[in-house]
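These are the structures, in C-alpha cells.
Two complexes are shown next, each including chain A; its partner changes from chain B in the first to chain C in the second.
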Partner chain A sequence: MFEGVEAYRELLTTCDFSPEEIDNELPRLKKAFDKAGLTVEDVKRCRERMITYFEADTLRGARMALGLHIRAFVDMVMAGEEHDVRIYGHLPLMAGHCVLGAAELARPDAYIGLPDLICHMVLGAFFNKLDPLLEASEAWCLPAGLAHCGCSQAKIGGRLTDVVPPATLHVSAGNYCDEAPKVDEVLAYHFKEPVVWCNRCQDESFDDPPMDDRHLKYFSANIRRTKDAISEAVGAEVTNQMIMQTMMATEEVGKEFKRIQDYRAESDPSPISVVTTDMAAALVGIDMTPRGLSKVAEMMKVLADEVQDRVERGVGVVPKGAPRVMYAYVLPFASPAVGKAFEEAGLNVCVREGYGSMPIWSRREEIAKLDPCDIVAGIFLHNPTLVKPRWRADVVVLGYNKAKLDGIVMLPHYSCRVFGTDFPMMRDMVRKELGDIPITVLETDVFDPRYYTAEQARTRIESFSEMVRAAKASAA
Partner chain B sequence: MVLDTMQRLTAYLRNRPVELKHIKDSGEKKIVAHFVGDYLPVEIIHAAGAVPLGLVHGGDPEAVEAAHRAILRYLCPFSRAQFGYWVLGEQSYYSLFDLLVAPITCQHLRRAADLYNVHTDVPIFRLGVPQPYDGEQGAQYFSEGLEFLKQRVEELTGNKVTEAKLRESIALYARMRDLLRQISELRKSPRPPITTTEFIKLNHAAHIADPNFMVELLDTLYQELRDKEGPERTGPRILITGPNIALGDYKVLDLIEECGGTVVVEDIAEGVIFYWENVATDGDPMAALVDRYIRRRPVNCSFMRPTMDQHFDFIIKLADDFSVDGIVWYQLRMCETWSIESFFLADRMKARDASLPMLKLDSEYDVADRGPLRTRIETFIETLEGRTLACSKV
Partner chain C sequence: MVVAGVDVGAATAKAVILRDGGIAGFAVLPTGHDIQKIARKVTRLALAKAELTMADLHYTVGTGYGRRAIPFADEAITEITCHARGANWVIPETRTIIDIGGQDSKAIRLDARGNVLNFVMNDKCAAGTGRFFEVMAKVLQLPLDKFASPELLGQHPWKISSVCTVFAESEVVSLRAEKKSREDIIAGLYQAVASRVGAMARTIDYEDLVVFTGGVAKNKAMARALEEEIGHKIVCPDEPQIMGALGAALFALKKV
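After this line comes the complex of A and B, so read on.
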C-alpha cells in the first residue's frame, strides 16, 4: 500500500464506495490522481469540501453523486491506457449528448466522455486544483487578460498536462459560442486530433417564435454529420434506435431530477442546497452513455427520496420563510462557496431559470414521429436559455410569477460572450414586464476560481439579500 | 492631382450625412445599414433601390463607454461601439437607417444586433452565415437567407430586385472592387504612390458613399496613381493583419508611419478581404453572390472554423507579393478568435520557410493605449531595420 492510503479510503467512503469497491478501485484511482498531480493533502481537503459544500455527511444521494464524479474522473485520466477509442464531447455541448452517448451502444469498449466538465467538477469544485490546467493554457495560446474563458483554458490545459489523453475524435459545439469551437480547432491544428463541428447559424429572429423548419433542418443536418463522424470513429454505425434508447435513459434521469426541482420550488423550508442539486445535475452532462445514465438515474432516485423525506420532516437548508429567489443560469462550479453564500445570507435559491417553461417532452407524441437528429435539434432550439435573450427573459418572467418569487439573481459568466452578455439585456426586458423587482446582476466566473471568489461576491449577495427582504416586507 | 481627388472624397464624405438625411426625409430612398465584415452581399440592397450603408466607425472610447449601460465589457470595442454610437447620438450614420442588416458572424456583432432589438425600434434583419466546414449545405442555407433578404428589402423599398437590376449592381460593385485591387497592387512598388492609411480610407468610403460616385472617383485616382511614384521610403515594409481597422481607428497605422515603417498591405475586412475576390458578372446572379461570399472568399475571418491553414497561407502569400519585412497583428481586445489564431502564425511561417518577425498588438480603443503602443512599435521597427540592414549587407 502507499503513504496516506487512509485518506484515500476515507474519501472513497465519503463517495459511497463499498469496502470491496475501494479495494478494487484504489490502485487505479491512485494512479489517476498521481497523474493529475493530486497529493494526499489534496485528497484530505477534497473530502472536507465535499462535506462543507455538498452535504456529503447527510445525504447518501449526494455521496453517490460525488462518487460518480470521481469515477468519471478516474475513467477519463486512465482512458489513454484502457481504451483504444476515445470520443470526447466538449462544453458547451448543448445538443447531441444523446448522439454522443449512443456511441457506447455501437462500440461498448470505447471511452465516451466530456473531459471539460469532468475537470471542472473534480479538479475545480472538489479539489480546488484547476489552476495548473488554467496556467498551462495561459502560458501557451490562451493568455490571461483577454477574456478567454476558463472552460476553454481547462480544455487546452488538460491536453497540455496530459491529464486528458489524446482523443480519437472531438465533438465540438459549433452551435453556441465562438470560443469553444475555435479552441477545438487548436486541437485539430496543433494536436492533430480530428474534430467534428456541430454547427448552427444563430440567425433566428429576436422576437418571433423560437425556430422554424429551416433552422431545424440546418441544425439537424449538422447533428447527422456529427453522428456519421462518430460512427466512423468508433468503426460501427450509431443508429437512430441507439439514439432513441439514449434519449430514454436521459428521460429517466430527468424524471427523478424533476421531483427534486419540484420539491425545491414548492417546499418551505428548502429541503436541499442549490449547490448539491447542481453538482448532482452536472452528471447528466458528464456521463451521457446509457450505462452511465442508468447509474445517474439510480443516484437521482435515492436523492429525490431523501429530499422527499426531508420535506415530510420539515427539514431545510435555510430557515422557513426565507425569501425565494431564482438564479439564472449557472452557479460557479469552481467556487461552490458562492452558491453557499446565497444560502448563508438567508436566501432560498429555489428555482433555476427555465422553471415553469414547457418541457419538450410534453410534446412527446408529436416528436416521436421525427428522426432522432431532428429531435435533438428541436430540443436545443426549444430551450429558451440556449437560443435567445428575448425568450429567456419571457421564461424568467413566467418562472418568477409561477413560483411566486421575491427576487432574481443573474450570474453573468465572465468572459462568456453568450452566457455573460445576455444578462444586462434580460434584466432590462424583465424589468419592463415585472417593474422594479429585486434583481441583481452578479458577475462571477463559472470555471475559474481565481478571479471571483466567494468572499468578493459575499458583500453583494448580502446587500441583495437585504434588498429582497426590504421589498418583501414592504409588499407584505 | 492625387491630393485633389482625395480632397474631393473628403468633401464628399463631409456632406454625405446631410445628403443621406435628405434622402431619408424626402422618402426618396430607404437606407439599409449593415454590420461590416464582408459577409453581406450589398449588391442586393443596392439592386432594390435602397442605399447600402456600412457601419464602419470605431476607434472612439466614448462610444465604447456609452454601450456599457447595456452590455458587459467583454465584447470587443468595435462591436460595443456599434451600439454605443447609437446611444451617444453624435454619429449621424447611426441614426439614419430604416433597416439594419446583421450578418450573424461572430457573437460580438450578434450581441450588437440584440442590443438594437432591445433598446431601439430599428427593424433588424439577421442573415445566417454558415461555417466554411458546412460545405454545400451551408451554401444552400446562405442562399435561402439571401432570398429572404431580397424579399425584405423589396418590401421595404416597394421595388422588385429583378435579375437585370441585380446584374447591374453586381457589375457596379465588381468594378469598384477591381479598381480597389488595382490601386492596392500599386503598393507593391518600392515607392508606393498611396499610403495604406489613405487606401484604407478609400475602403471605408466604399461602404458609405454612393457606389457610382465611388467608382468614378477610384477610376480617376487609379489613372492618376498608376504611373506615379511615392516618396522614397527606407523603413521596413509592413503587412498589417487583424479583424478590422475601423473608420477612426488609425492610431496603429499612424504610429507605424511615425516610427519609420511603411504599411504596404492590409489583411482586414475593410481592405483586402473586401476587394481581393470578385463576384462573377455572368451566370445566375444570386448564385454568383453565394459563390463569392461563401465559397470563394479570399480568406475566412477567424470566428469561422477551421480557418488557420487558409488564413496563414494567405498572409504568407500576401507578404511575399508585397515584399514585406514584418507583420503587425493588430487585434481588438476581447476578440477571442483572433487572439487564438495569433499564437500559431509564427510557427506556420517557420514551417513554410517564410519566417517574418511579427508584433502582436491589441487595443481597447483607449486613449491611454497610445504610449505603450508607440514604445512597442518603435522597438519592432528598430529590430526590423537592423534586420533589413543586415540582409542588405549580405
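After this line comes the complex of A and C, so read on.
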C-alpha cells in the first residue's frame, strides 16, 4: 500500500464506498489523484470540506452523491487508459445532453463525460484546487483578466495538464453562449481533436413565442447533425429510441429531485442545505448516460427520503421562521462557502429560479408524437432560464408567489455574457410585477473562485438578510 | 442609559456614545492592524469625552468590517443597515445615501423610518473608494488633506480611467511626465471617482434627499463632483464619518 492510505480510505468511507469497493477502487483512485496532483493532505482537507459544506456527516444521500462525483472524476482521469473512445460535452450542454448520454447505449465501452463540470465539482468544490487548471489555460490561450469563462478555462487547463485525456469527439454547446464553441475551436486547433458544434440561432427578441418554428427547425437539425457526428465517433448508430431511453432515465432522476425541491419550498425549517442540494443536482449534468442516471436516481431517492424524514421530525439547517428567499439561477459550483454564507446569515435559500414553472413533461402526449431531436430542441427552447430574460422574469415571479417568499437573490456571473447581462433587465421586470420587494444582486462567478470569496460577500449577504427581516417585520 | 456604537472600518475606527438618547461623545482613530485593541481604544476615547468609562455601557453594537471582532460588542449589525439608521436620525428626509469609505463605496436607498430598501456596494475594487485618493495623493506627492483642498482643483479636468486604480495611477504618472497641470489632473481624478460611484448608485434608482457619508464626504471637492455627476443636490452631515457608528448606537439604544 502507499503512504497516507488511511486518509484515502476515510475519504471513500465518507463517500459511501463499501469496504469491498474501497479495496477495489483504491489503486485507480490513487493513480487518478496523483495525476491530478492531489496529495494526502489534500485528501484530508477534502474530507473536512465534505462534512463542513455538504452534510456528509448526517445524510447518506449526500455521501452517495459525493461518491458519485468522486467516481466520475476518477473515471474521467483514467479514461485515457481505460477507454478507446471518449466523447466530451461542454457546459452548458443542455440540449445535447440526452443525445450525448445515449451514445453509451450505442457503444457501452465508450467514455462519455463533461470534464469541465467534473473538474469544477471535484477539484473546485471538494478539493479547492481548481486554480492550477485555470492558470494553465491562462498561461496558454485564455489570458487572465479578460473575463474568459472559468468553465472553458477548466476544460482547456484539464487538457493541458493531462487531467483530462484526449477526446475522440468534443460536443460543443453553440446553443447557449459564444465562449464554449470558441474554446472548442482552440481545442480542435491545438490538440487536433474533432468538434461538432450544436448550434441554435440566437436572434430572438424577448417576447418571441416559445416554439417559433424557424428556431425549432434550425436547432433540431443541429441536434440531428450532432447525433450523426456522435454515431460516427462511436462507430455505431445512436438511435431515436436510445435518446428516448436516456430522456426517460433523466425523468426518473427529476421525479426524486422534485420531491426534494418541494420539501425545501414548503417546509419550515428548511430540511436540507442549498449547498448539498445543488451538489447532488449537478450529477444530472455529470452522469448523463442511462447507466449513470440510474445511480443518480437511486442516490436522489435516498436523499429525498432522508429529507422527508427531516421534515417529519422538524429538523432544519436554518432556524424555523428564517426569511425565505429564491436564488436565480446558480450558486458558485467551485466555492460552496458562498451558498453556506447565506444560511449562516440566517436566510432560508429554499427555492431556485424555475420553481413552480410547468415542466415540459406535463405535455407528454403532445410531444410523444415528435422526433426525439425535436423534443430535445423543444425542451431547451421552453426553458426560460436558458433562453430569455423575459421568461426568466415571469418564472421568477411565479416561483416567488407560489412559494410565498420574502426576497430574491440574483447572482450574475463575472465572465459570463449570458448570465452577466440578463440581471438588470430581469430585476426591472420583476420589480414591475412584484413592487419594491427585497432583491439583491450579488456579483459572483459560478466557475472561477478567484474572482470572489464568501468573506468578501459576507457584508452584502448579511445586509440583505437584515433588509429582508426589516421588510418582513414592517409587513407584519 | 448609556450605549455605544462602534464601527471598525478598513481605514478608521469610529465610536459614538449615546446617553439618554443624545450624542454624548464620539471619536475617530486609524484602524491599524489590531481590531480588538483599536475598538477598545476608540470607545474609551469617545466615552472619555462624555466623562464616562466602559463600566457605564449598557449595550454595544458593533459594525463595519471588524464588527465580529469587537470583543465587548453585544451584537453585530452590518454597516449598510447602520448607515441607513444613522443618516435617517441626523437627516430624516434622507432617502439615498452615498457612502465612500476607505476601502469600499456603497449606495443605499431607505424609507422614511431608516429601513434599507435597496443597496449596492463596491467592495471588490479600489476604484471609487478612499483608497483611490490615497494612491493618487502619493503619486502626486501631496498630503491627503492638501489633495482635498478646493484651491488645488483645476478648471480643465483630464479624463482619467474610472475602472481601475492601477490603470489610473499609470495614467497620472504619464500625465505628470507630460508636465500636465497638477490641478487639472486632480480635477480629473475627482471626476473619475464621481463617475464610478455615480454609475453604481444609478442601479438603485436613487431618490432625493441624497446624503453623502463616509470619510471621503469630508472632501468638499468630491461632494461637488458627485453632485455634478448625478445631477442631484447632495447634503453632507456635519460628521459624515460617524454615521455607521451612530446607527449602531441607535440600534443599541433600542435594546435597552
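Here are some notes:
As a working rule, the second predicted complex is superposed on the first by the 475 of 476 C-alpha atoms of A that agree within 3 Å, B and C clash if a C-alpha of one lies under 4 Å from a C-alpha of the other, contacts with A are read in each partner's own complex, and residues count from 1 in each chain.
Note that in this section a residue touches a chain if its C-beta (ideal position, glycine included) is under 8 Å from a C-beta of that chain, and two chains touch if they have at least 3 such contacts.
Since the structure is predicted, the reported quantities are computational estimates derived from the model, not experimental observations.
Taken together through their common chain A, the two structures put chain B and chain C side by side without a clash. Within the superposed three-chain model, A:Tyr8 lies out of touch with both chain B and chain C [touch as defined at top].
For chain A, the partner that touches more of its residues is B, with chain B and chain C as the two candidates. In the superposition on chain A, A:Ile439 contacts chain C only, with no contact to chain B. By the touch criterion stated above, A:Glu466 is placed in contact with chain C alone, chain B being left untouched. Once the two complexes are overlaid on the shared chain, A:Ser474 sits against chain C while remaining clear of chain B.
Angle at the C-alpha centre of chain A formed with the centres of chain B and chain C, after superposition on chain A: 70°, rounded to the nearest 10.
Of the two partner chains placed by the overlay, neither chain B nor chain C lies in contact with A:Tyr263.
With both structures placed on the common chain, the touch criterion links A:Pro424 to chain B and to chain C. Of the two partner chains placed around the shared chain by superposition, chain C is the only one that A:Gln456 touches, whereas chain B remains out of contact. Legend: residue contacts after superposition of the two complexes on their common chain; A:Phe447 is shown touching neither chain B nor chain C. When the two structures are aligned on their common chain, the gap between the nearest CA atoms of chain B and chain C comes to 5 Å.
Under the contact criterion defined above, the residues of chain A that touch both chain B in one complex and chain C in the other are 424, 443. For chain A in complex with chain C, the touching residues are 424, 436, 439-441, 443, 452, 456, 459-460, 462-463, 466-467, 470-471, 474.
Residue ranges on chain B touching chain A, taken from their complex, read 70-72, 74-75, 104, 106-108, 110-111, 113-115, 117-119, 124, 126-131, 133-134, 137-138, 141, 144-145, 302-303, 305-309, 333-334, 336-337, 339-341, 343-344, 362. Residues of chain C touching chain A in their complex: 65, 77-81, 113, 115-121, 123-124, 203.
The residues of chain A lying in touch with chain B in their complex are 140-143, 146-148, 172, 174, 177-179, 181-186, 188-190, 195, 197, 199, 201-207, 214, 218, 221-222, 388-390, 412, 414-418, 420-421, 423-425, 428-429, 443.
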